[in-house]
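Right, one structure below, let's go through it.
A, B and C label the chains in the order they appear, each numbered from 1.
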Amino acid sequence: MTKALTLQALAAELGLELRGAGVACTLSGIATLASAGPTDLSFYHNPRYSADLRNTRAAAVILRPEYAADCPVACLLTDNPYLAYARASQLFSPKVVATGNVHPSATIDPAATLAPDVSVAANVVIAAGVVIGAGSVISANCVIGEGSSIGKYCLLHPHVTVYAGVRLGERCIVHAAAVLGSDGFGFAKAGGRYHKIAQLGGISIGDDVEIGAGTSIDRGALDDTVIGNGVKIDNQVQIAHNVRVGDNSVICGCSAIAGSSVIGKNCTIAGAVGVINHVSICDNVTVTAMSLVSQDITEPGVYSSGTGLDTTGNWRRNIVRFRQLDDLWRRLLRLEKRGGGQH
Amino acid sequence: MTKALTLQALAAELGLELRGAGVACTLSGIATLASAGPTDLSFYHNPRYSADLRNTRAAAVILRPEYAADCPVACLLTDNPYLAYARASQLFSPKVVATGNVHPSATIDPAATLAPDVSVAANVVIAAGVVIGAGSVISANCVIGEGSSIGKYCLLHPHVTVYAGVRLGERCIVHAAAVLGSDGFGFAKAGGRYHKIAQLGGISIGDDVEIGAGTSIDRGALDDTVIGNGVKIDNQVQIAHNVRVGDNSVICGCSAIAGSSVIGKNCTIAGAVGVINHVSICDNVTVTAMSLVSQDITEPGVYSSGTGLDTTGNWRRNIVRFRQLDDLWRRLLRLEKRGGGQH
Amino acid sequence: MTKALTLQALAAELGLELRGAGVACTLSGIATLASAGPTDLSFYHNPRYSADLRNTRAAAVILRPEYAADCPVACLLTDNPYLAYARASQLFSPKVVATGNVHPSATIDPAATLAPDVSVAANVVIAAGVVIGAGSVISANCVIGEGSSIGKYCLLHPHVTVYAGVRLGERCIVHAAAVLGSDGFGFAKAGGRYHKIAQLGGISIGDDVEIGAGTSIDRGALDDTVIGNGVKIDNQVQIAHNVRVGDNSVICGCSAIAGSSVIGKNCTIAGAVGVINHVSICDNVTVTAMSLVSQDITEPGVYSSGTGLDTTGNWRRNIVRFRQLDDLWRRLLRLEKRGGGQH
């Protein structure tokens, strides 16, 4: 997918010590230890794969110095092999570079302001007052609404919708079919029906944010919905109006964060988690997959809800008992009392 | 975002009594009690914010007459402040008005029938037999399939897909990337593989329905999937084939309603709820967040499933015990019996 | 929606024995037993509807020979009425046929290779190196990235995004707003922030696969994400990087499969199920709605997690007890011990 790279050039680029490289080798890609061939780079960061390390046919392996002796091929030494792998992966990835090309089928309002090198692909629609910073790439069929701003070096994949009043920072990546700025879900009930509350706020998204495919982030009712710097959001996540997500937090696929809830900094929200509205989660919290956060979390730590998987036969018997759990407790207490309560 | 409005004009527009306004004040927007400045309107409907009320710097506050004495600024009096806020919010929201403009890049089949004032934005594709009522606005990059109809005063945001055979009522709002009319998920298994069942029904959607970003509603297998009047559906909701949702029900974000299930009128389905197929929920039911409805609900009320959030350490111990819950019950019964069963 | 079909022609087409048809009847559609009129075909495969069968006004009913005596109208006899219904439904469905028409607004790179009869609708964007097989139909506003390939007789509905490096087999159907090939969610954490791992793999999708509206499938980190032949995926499913789904498995709406997990052949993953990362599910497994698969499943069977639905009042009492479940067990064991342990 990209230009060839010698092992020596890679070591220099990543600033890593290269050990045991017999001859100049030109790398063609990255692969796992087990599947790498003689022109592939690989990496070792999990002891589970120690047998794969000893048998690898890779051109070179990124690893910690203490494992160099186990490696039958050239080594690139680092204390953080996973980070070095991340950096190396970027070198083998086709670069998306802003060229200043604007496809003739794009519809750009004369009152929009695009840096000269911004790339605009086919069928993109950009409204009045939009500002797009240098180095940004807007892929095919994106729509950007009135007055929104997109910082420098952003990449919008195809079919992204940005409503009016959205501010996106620098170096953000937005994946296909994501929606930024849809109306928050707000209604006043009266007379048996719902009256729409106009959503007058916008969205403020920091720098270095990645937003997954099909994810939706609603605009605020009055103030903005706020996504901090360095936040990473996976696919199909729903973030409701006036949510605030702190810097460097991660939200995995299919999670739903309801209105006005606050997620602190450096949190990890696993996949398919629900957070009800008006809840506050402090910094450094991890919530495991498919848990429901229905109350404030005020202490850092790891939190869960739900039950473990079981065969449906066993599970059916147990869920019947779950419905009687309070009764079971009361009967146990009665038995204890009858027994003298000497526990 | 909109034209200025005097406090007096606002009071007249909403039909509310204005009290304590010293001078003619021009309002610039709406804000919370705490953040409102001297040209902002605010509202008070939750006693939790009584301190904010006493300290507000807003131009005026919408509230119940009994709280007027606590308000340091002008008051707009009403028995339903939240409804009055909803109505006021519309006055401060930029109006989307049908202008009759049809962007030259739109592709409209000659056999489609659009009212003269319908607005059609760039790259919209409208197939043969489509009918769109007066006052409707079709935003950029929407696609509307053969023979579908859209009532008067509807707003389709960008990237909405309407398949063939979908009927949308009047005054509906459909948010970006929503999909109306995709095939229901129906297959006949034979010979170890699945044979597709053509989905021959359509969708019938009532008046005053709002549909969130990324929400999908499948067409019926034989009859239509039916969404009643006044139904509000949040983002990323999945509604399967032949579901029927009664008037004025609300379905919050990321909920999934499986095939042929029926939701009554005036129900509230909270976020990330699942409803299995062929289930019937009566009128006036609320289901709390992330619950699974796996059986009919025949009595109005509030329903839940799942467990509460806990630290993962405690939770792990308890889910082990959940797998043994039926055993625990049997052992308790045995103990009770041994004790003479005198509970 | 389609051309008329006589009952005799239908019987011949499906290879079924026709019994009791008085006169040549022209069929106009398919309907349920209860709603079918005198020109509708119907089918009977569930004993629950035996009363409907006896009272049906359909032109003819597809059913098993042993029920022919209960049918007041003409019968089409088969051992698998549901399969025969599936096949009949295709005859009444409007066919989407590739015509070779390419809409003038489509943007097709000269270095793409399309079979002569491929249909390309308005605003489609096809990049260099794309290959599309004979008989395929690309609907309005789809975007297909560099070097991806689409097999013969595929149908892409509107607004589908195919990133670069995706291979789709033959006879696949992809519904609106689906995203194939978005980046897997991979980051290396260092210095308190996340460093993106370029996702260098692609997606490999087999033949006869159906993918629902709004579903997203991420590209692999190094190797491909793999979807087997005959797999059916419903709406709003999220499939993460390097997941492998075996042949003829079904994944229902809103399920989320996390990275590197493996689903075997002939599995049924019901709606809103979560599968955590690096989990392996063997062949012939069913997971019921909203369950979380948090460990390997090595035996075929049916699996569940969660609790049953209850009134919120009861449920609240029970979830308090769930948090104390391990304590309850220990106290029960103490009571048993005190009682002599003679159970």
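Here is the rule we go by: contacts are C-beta pairs under 8 Å (C-beta built on N, C-alpha and C of every residue); 3 or more make two chains touch, one makes a residue touch a chain.
Values in this document were obtained by computation on a predicted structure and should not be read as measured data.
Participant: Quick check on subunit A against subunit B: do more than half of the interface residue numbers occur in both copies, making it same, or fewer, making it different?
Facilitator: Shared-number fraction below one half, so different.
Participant: Give me the rotation angle that lays the C-alpha atoms of subunit A onto its copy subunit C, rounded to the nearest 5 degrees.
Facilitator: So the angle, rounded to a multiple of 5, is 120 degrees.
Participant: Averaging over Cα atoms per chain, report the distance between subunit A and subunit B in Å.
Facilitator: Subunit A and subunit B have C-alpha centres separated by 25 Å.
Participant: Could you say which residues in subunit B touch two or more other chains, in rising order?
Facilitator: Touching at least two other chains: 105, 123, 141, 159, 177, 214, 236, 254, 272, 306-308, 310, 320, 322, 324-325, 328, 332, 335, 339.
Participant: Quick one: in the complex, what on subunit C touches subunit A?
Facilitator: Interface residues on the subunit C side: 105, 107, 123, 125, 141, 143, 145, 159, 161, 163-165, 177, 179, 182-183, 185-188, 190, 192-200, 214, 216, 218, 222-223, 236, 238, 240, 254, 256, 258, 272, 274, 276, 286-288, 291-295, 297, 301-308, 310, 314, 317-318, 320-322, 324-325, 328, 331-332, 334-335, 338-339.
Participant: Across the complex, what residues on subunit C touch subunit B?
Facilitator: Contacts found on subunit C: 1, 29-32, 35, 80, 82-83, 85-87, 89-90, 92-94, 103, 105, 121-123, 139-141, 157-159, 173, 175-177, 208, 210, 212-214, 230, 232, 234-236, 248, 250, 252-254, 266, 270-272, 289-290, 306-313, 315-316, 319-320, 322-326, 328-329, 332, 335-336, 339, 343.
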